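A quick write-up on the structure given underneath.
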C-alpha cells in the first residue's frame, strides 16, 4: 500500500469534541483516491461509484499528522477498485479502513469507457498522447 | 424522512466529468447528519462512528439543486443511528442512499455518554439548561 | 415560516470576540435564500436585487447550532420577495430578522423573465420539462 | 471615501447566471469593514450591529475587478458608523451602495466599550500599548 | 508604496505554533499582486513568472491585522515588475519583504502580449473599450 | 526526491488565463513542505523562515495532475533546509523549482529549538513519547 498524501489537522477540520471531523476526512480520501484512479486509468473523467462500509476506529487531534494509503485491488472493464487505510503518523494508530472503493472512467459523453489495463502502473504512461503533448 | 438541507451545485463541487464530486457530497452529508444528531441527543460533542456502504446511483450537474434527507432509525445507549437519502430536486432522481450512519455522543472527557433518549424529538428541548441559558 | 438549513458554528466562522462573524451569517442566508427562490420560480438564474435593513440582535458562539427560516411574502411579475429569521436552536434566541429580500429570475440573456406564479409551491414541479428530463 | 480592497471575480464567486453571487459580495464587504472598524477603534473585538438596506444596482462577471470603498460617517460612544460603495473597476459601474453599517467595539467580557474617538485616523496609533509591544 | 489590502488573521490562517501560516501569507500576496498587475497592464490574463527570495522576518498572531504593500518598479515589453512589503498594523513590525515579483500579460492565445506602458497609472483607463463597455 | 502529494487542478485554482494560479501553487507547496519538516524534526511547531527565488517555468490547466517533490538538503541546529520540484504528471513538464526552503522548529515558548538530527528519517520515530502515546 502506498501512503502518499499527508494532512496536518487544522482548526477548521475539528468537530466540537476537538477531534478530526469525519466529513473532512472523507473528502480528503475521495480527493486522493480519485487522483490515484486518474493515473491508473489514464483518464481524467473519473466518478466515484461505490464505497464499502467505513469504521472510524480512532480519531486525531489538532496538530496531528495523518497519512492516507491506497492500493489498487482490481481492474474491471471500465472500473478500478482500491482499498484505503488512514493512520495517525504520530501515534501510529489506525484511524479507518475502507475495503472497497470503486471508480469508473468515462468517455467524453459520460459513458463508461473500457480502459484495457489489468495491473498497477508506477510510471505515468497511461495518459493518451493528446494529453501528454506539451503543445496542446 | 425529513429533507432539510438543499445545496446548489457550484463550479467548485464538480469533477473533471462536469458532475458532482463524490467527496463534496460526502462532506455535505456528514455536516448535515452531525447537526441532526446534536439536536436529537442534546449534545454538541458528536463523533461519526460508522457509515454503511454507499452506492452512487446518479449524479448532478452544475446548477442542479440537491436535497439531503435524514431519518433516525435507532437510539442506542450512547449512540444514534440514522439513514440518509440524497436526491436531485430538479430531475427527481435518487443520487445515493446510505442505510446506516452511527454517531456517538461524548462527555467532556471524550468518553461515550448515555443519553437516555429513545425517540425522535421535533422540539429542541434536549440541550441541558446550562447551554440553553442565554446568560452563559 | 420554514426553517430548513441548520448550521453548526465552527472556528472559522468566529470573529475576534469569539462570536459568529456577521459576514459568514450573511453568506449563509443568501446561499439558502437563493435556493429557495430557484425552487419557487422554477429557474436557476436567480440574482439578489434588494435586502432591507438588518438588525443583529444577538449572536452565537462556537458549537451553537443556528437555523435559517424563510417565507415567501410576495410574487412580482419577474421577482419573489421573502422574509428571513435566524435563531439559535440551543438558546432559542433570535439572531436577526430581515423583512424583505427580493430576488429576480432571469432568462438566458440575463433579462428579467416573467414567471407566472402567485403562490408558494411545496412540490418541485416548477422546473421546465427540459431540466426535469434525466436524459438531458 | 477610501477604496482599499480589490477583488478579482473568480469562478467560485458566480451564481448560475454567471454573475457575481450576492452572498460572496456581502461577505467581502463585512470582512473589509470590520478591519476598518478595528483600526478606527483600536480594538480587535468588533461586532456587526446594523446594516441599512442594500440595493444591488449592477453585477460583475468572471474576471472583473471590483473595489470596495468605506467612509466613517459617525463615531458613537461605543460604535462606529460607516458607509460603503462597491464599484466595478473595469466598467466603472456602481455595483451597490450601503448608507449605514454600524459596528460596536466590545471589552474582554463582550460588553460595549467606550472608545473615546470622534474622528478618523490615518495613523494606526489607536491600538493600546499592550498590543503594540512586539514583546507580547 | 501603496498599502491596499488588509487582512485580519483568523484561526484557519495559523500554524501549530499559533502564528500566521506562511502558505496563507504567500497566497494573499499573490492574490493582491495579480490584481495590481491587471490594473497596471489593462489585462486580465496575467500570470506569475518570477518571485525573488523571501525572508520571513517576524510573524503575526490571531487577531492581528496585516497590510500588504506593492510598488511597480519596472515595466518590461510584456511584463511588470513590482516589490512587496508586508507589515503588522498593530505592532508596526515588518513581516516580510520581496524585492521582485514579475507578472506577464498574455493575449487570448496565451502568448506574451506587449502592453505599451512605461509608468504607473492611478486611473483605470488601461482596460480596452470592449471590456469597459457596460453593454458587453 | 520524494514525490508525495498530487493535486488535481480544479476550477477554483485557475487564473483568468485558464492556467494554474501561482498563489494556489505556493500554498500547496508550503502545506506539503511544512508537514515534511514536522516529520523530519519530530516537532509540530514549525515556521517558514526563508524561500529562495521561484521561477514559474510552465503552468497547468484544469484537469491536469501535478505532483510536488521535496528533498531535505541540510539539517541546521534548529532548522531543516529542503529543495522542491513541481511537475505536471500528464505532460511531464517541470512547473517550478525552488532550491532552498528553510523551516525552523520552535519550543513551546516560540523560541528556536535544537533538534539533534543530521539526516533524513524514513521512519516516524522522531516524535517524542508524550505525543506518540495514544493515551494522551
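Lettered A, B, C, D, E and F in written order, each chain numbered from 1.
The rule is simple: contacts are C-beta pairs under 8 Å (C-beta built on N, C-alpha and C of every residue); 3 or more make two chains touch, one makes a residue touch a chain.
Predicted model, so just to flag it, every value in this text is computed and none were measured.
Undergrad: Average the CA atoms of each chain to get its centre, and name the chain whose centre is farthest from that of subunit E.
TA: The chain lying farthest from subunit E is B.
Undergrad: Where subunit A and subunit F touch, do the two copies share over half of their residue numbers, giving same, or under half, giving different?
TA: Same, since over half the interface numbering is common to both chains.
Undergrad: With chain centres defined as C-alpha means, what is the inter-centre distance between subunit C and subunit E in Å?
TA: 35
Undergrad: Averaged over CA atoms, how far is the centre of subunit B from the centre of subunit E? Could you give it in whole Å?
TA: Using C-alpha averages as centres, the distance is 41 Å.
Undergrad: Which integer distance in Å separates the CA centroid of subunit D from that of subunit E?
TA: Roughly 20 Å, centre to centre.
Undergrad: Once you find the CA centre of subunit C and the CA centre of subunit D, what distance in Å lies between them?
TA: Roughly 23 Å, centre to centre.
Undergrad: Mind pulling the subunit E residues that touch 2 or more other chains?
TA: Within subunit E, residues 8, 11-12, 16, 31, 34, 38, 44, 63 contact more than one other chain.
Undergrad: What chain pairs are in touch here?
TA: A-B, A-C, A-E, A-F, B-C, B-D, B-F, C-D, C-E, D-E, D-F, E-F
Undergrad: In the complex, go through subunit A and note every residue touching subunit B.
TA: 15-19, 21-24, 26-31, 34, 38, 44-56, 59, 106, 110
Undergrad: What does subunit D use to touch subunit E in their complex?
TA: So the residues of subunit D touching subunit E come out as 4-8, 31-32, 34-36, 38-39, 44, 58, 63, 65, 89-93, 124, 127, 131-134, 136.
Undergrad: What part of subunit E is in contact with subunit A in the complex they form?
TA: Interface residues on the subunit E side: 11-12, 14, 16.
Undergrad: Which bits of subunit C are touching subunit A when the two form their complex?
TA: 8, 10-12, 62-63
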